[in-house]
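Before anything else, here is the set of structures, which you'll find just below.
The two complexes that follow have subunit A in common; it is paired with subunit B in the first and with subunit C in the second.
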Partner chain A sequence: MRYVFQFGVVADHWPALVAGALATLRLSLLAMAFGLAIAILCAFLRRGAPRPIALAVATYVEIIRNTPLLVQLFIIYFSLPGLGIRLEAEEAAVLGLSLNLGGYATEILRAGLDAIPKGQIEAGRALGLTRLQIFRLIMLFPALRIVYPALASQFVILLLGSSIVSAISAPELTGVTNTLQSTTFRAFEFYFVATGLYLLMAIAVRLALDGIQWLVFVRGRAW
Partner chain B sequence: MRQFGWNELLFILLALRWTLLLSLVAFAGGIVGGMMIALMKTSTVAPLRWAATIYVRLFQGTPLLMQLFLAYYGVTVLTGVRIDPWPAVIIAFTAYAAAFLGDIWRGCIEAVPREQWEAAEALSLRRLAIMRLIILPQAARIAIPPTVGFLVQLIKGTSVASIIGFVELTRAGQLMTNVTFQPMTIYPLVAGFYFALCWPLSILSQALEKRMDAARATAPIL
Partner chain C sequence: MRRWFQALAIGVGLATAFASGANAQNPSSLDRILKEKKLRVTAEVTAPPFGMIDAKGQPDGSEVATARQLAKDLGVDVDFIQVTGPQRIPTLLSGRADIAISSLSMTIDRAKVVMFASPHGALSIVIAAPASVDIKDAKGMSGKRIGITRATLEEATVPKIAPPDARIVLFDDIAATIQALLSGQVDAAGFSAFTSKSVADRNPDKKLEDKFTVTTAYYAAALRPGDHDLLHFVNTWVALRTRDGTLGQIYEKYTGVKLVPLPPL
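What follows is the complex of A and B.
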């Protein structure tokens, strides 16, 4: 069969696609910030908190890492209203992506914390620092530096994974593309261009993260 | 409205086999494709290396969902008829698995100490024989934990196939939610099934990795 590609239609809807891409970036950046905050908190609790809390954190990490993001989003968006928690699609998307990233990043950060030499922690204790002070002042920054490449990869995975939130109709690039292709009947062309936009965003975010690494960890301080 | 009962549970349980089947088929295809990618990436022929690198970067730099849409509508474009999602889903997940396994295994091949290459060359073995007899058997050992880890990623990834209408575990859960309107019961149950599949594999992968680290730590230094 002959199929004539028509990318002109895609060009006509360019502004909508760009708006969708920006929404994807916004969603991902929010989730990166929240997810990292969750991970730092959880990594601390896992080491410093009483056993039941540490166990709860470990359970959260295992559940996140062993179930699909899509099902996690369904639970947040469709199941939680049964408990009286009703979220907008976008809120549910940010919450789902943040919790997902938080689980993976907790595990990544743990590896970094484990790599901190024991002597440093003992030195902190000898100075009479509290647990929180030791974590905050001695362990956190070097641990983040050690695991930064792995964290950066996880951030890119999150950016690409955010396309799944279109399944709960949160507004972003994939959702915009779904709508456009269903009204123009040019599915392949639209998905092709959207895929290219994701690739560009992944490259841009990766470069930005590498830049941050250089600013914060290489040039920033002599650790 | 239907209540969530044994029939609904059975429907979801039976859909589990499509999740398993899709994962296994994609994994098997990915093993073949991934092996090719890994060999291309470690080849001495530059264009082969470039082609493999571009392939891996494309798959690791774009969303799985987009790959699935492109495969689905790509098949439609090529054949001119809208078919059921099976072929597209198989193609997309196999290509996806090949890219990730290829990259994992490239790392494993490169992790074999350089001295092994040099020793084999000193014995005047050919490149192909070195790869087959010396390098790959050692790389295979290193490769087992991350490969099991990727299988977990793949099983979870198959849930995305539900978005283009492929009936597997997640889609079955959605369908049953639509008729019973009990998302509170069904989605946690679906998550539980995924967890039951993935958690043992995750633990296995971690245990293998730990054992290998221990073996490496006690191995005599050359």
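What follows is the complex of A and C.
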């Protein structure tokens, strides 16, 4: 079977691909920020809150980690309107990705919090600090430092997993690629270039995260 | 000196392997199908009534039944490759399927990349929406969200006639587009008339109706460029089976509509 590659077709649609890549970055960064915030909150509640709340958080985490992201997105985008909550595709995508990342990051962060030496926490209590103060001043920063590599990996997984949101028509690189290949019939060329773009974005994000790690956790190291 | 000879030998060996590989991959598909006794066909199972899953979880539908008839007449087994709309042509071109019988409407753009056989069916594309949505023609789509499935005839036609302020929302398969319409995520959606009818019948409370017809088209089996033996066989088969009414029967059984007279290719 002979196949004639025509990458010139890809070059004609380059602006659309770049716009898609930027949309992917935007979605991922928003989801990273919200997801991390959810994780910090949930990790705290899981350890220190009254039993019913801790149990609710545990339920949320287990549901997220044991169901497919695609199904979670379908429920948010297709099923919630039946309950009167209609979200735009992009809003549903950010919500779904944030909740998904929040579930996984909560567990990662919990491991970091468990690794804090008990002596530190007891010292905090001896000084009369409240639970929230102990968490905020003594536990959170070292825990983040310990689990930073795992969190960074989870962020890159999120960037790549954002390709799934094309199934609910949210604008991002995979959706744009699918549309372009379906109208020009140049599947191989477009998917090849899209793979390259994802690779570039993942490497760029990974470098940025390493840079943040150096700036925040290594350079100004007081702990 | 010895290194040089070794490199030359490897180079010649690779070159012959590529050359004979390229040739070996191009024996006639028809001969290979008859020898292996297996016909690989794409089956788009999320496009009722052309392709769907029956109660036993097996592919069914008018295009699936057509493919089964073709395999039976060839005297071979049929192997269905389940695909979504956008995957129909790539699956054929990459060689994973020998022939694409999945209600591929004949368009000039598609004809540049695949070889169409003589058409064996016809369909029309409509814009469907709940009764409460007011759309009478293409201009009525102004300011509305229109759900469209990628790599379909509606994707090739609706965006061209839609007003600039209509929002075209693209989904990867027909099931997702149907869900979007039913859940209210889009105001209207483009489907084949048969799909629209089946969705409306299954959801009477939504009061879906066809607002206007976008286009009509003939659909045909698609083959890889250069696959002339198989193309000629399929053309002959379509002509004979249309004449004796077999294809018309299959079409009417699944769509409930009589097959219109088909032009030869």
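Simple rule for what comes next: the second predicted complex is superposed on the first by the 223 of 223 C-alpha atoms of A that agree within 3 Å, B and C clash if a C-alpha of one lies under 4 Å from a C-alpha of the other, contacts with A are read in each partner's own complex, and residues count from 1 in each chain.
Assume a contact is a pair of C-beta atoms (placed from the backbone, for glycine too) under 8 Å apart; a residue touches a chain by one contact, two chains touch by 3 or more.
Model, not experiment: these values are computed from the prediction.
Enquirer: Could you check whether subunit B and subunit C clash or fit when both are placed on subunit A?
Expert: clash
Enquirer: Between subunit B and subunit C, pick out the one touching the greater number of residues of subunit A.
Expert: Between subunit B and subunit C, B touches the greater number of residues in subunit A.
Enquirer: Going by the contact rule set out at the top, does A:T179 touch subunit B (first), subunit C (second), both, or neither?
Expert: Once the two structures are laid over each other on A, A:T179 reaches subunit C alone.
Enquirer: Pick one for A:I168: touches subunit B only (first), subunit C only (second), both, or neither.
Expert: second
Enquirer: Which partner does A:F78 contact after superposing on A: first (subunit B), second (subunit C), both, neither?
Expert: both
Enquirer: Contacts for A:A187 in the overlay, against subunit B (first) and subunit C (second): which applies, first, second, both or neither?
Expert: both
Enquirer: Contact-wise, after the overlay, does A:S28 reach subunit B, subunit C, both or neither (first, second, both, neither)?
Expert: The answer is neither, since A:S28 touches no partner chain.
Enquirer: On the A-aligned overlay, A:R86 touches which partner chain: subunit B = first, subunit C = second, or both, or neither?
Expert: After superposing on A, A:R86 lies in contact with subunit C but is clear of subunit B.
Enquirer: With both complexes overlaid on chain A, does A:T106 touch subunit B (first), subunit C (second), both or neither?
Expert: neither
Enquirer: Report for A:Q154: first if it touches subunit B alone, second if subunit C alone, otherwise both or neither.
Expert: Neither subunit B nor subunit C is touched by A:Q154.
Enquirer: Which segment, 93-101, 129-137 or 183-191, is the subunit C region that clashes with subunit B in the superposed model?
Expert: For subunit C, the listed stretch overlapping subunit B after superposition is 93-101.
Enquirer: Based on the A-chain superposition described above, do subunit B and subunit C contact any of the same residues on subunit A, and if so which?
Expert: In subunit A, positions 1, 3, 74, 78-79, 81-82, 166-167, 187 sit in both the subunit B and subunit C interfaces.
Enquirer: Over in the complex, which subunit A residues touch subunit B? Could you list them?
Expert: Spelled out, the residues of subunit A in touch with subunit B are 1, 3, 62-63, 65-72, 74-75, 78-79, 81-83, 156, 160-164, 166-167, 174, 187-188, 191-192, 194-195, 198-199, 202-203.
Enquirer: Would you pull the subunit A residues touching subunit C in the complex into a rising list?
Expert: These residues of subunit A touch subunit C: 1-3, 74, 77-79, 81-82, 86, 89, 166-169, 175, 178-179, 181-183, 185, 187.
Enquirer: In their shared complex, at which residues does subunit C touch subunit A?
Expert: Within the complex, subunit C touches subunit A at residues 22, 25-26, 85-86, 89-90, 93-95, 109-110, 112-113, 147, 150-151, 155-156, 169-172, 176, 179-180, 183-185, 224, 226.
Enquirer: Looking at the complex, which residues from subunit B come into contact with subunit A?
Expert: It comes out as residues 58, 61-67, 69-70, 73-74, 76-81, 152, 156-157, 159-160, 162-163, 170, 173-174, 177, 183-184, 187-188, 190-191, 194-195, 198-199, 202.
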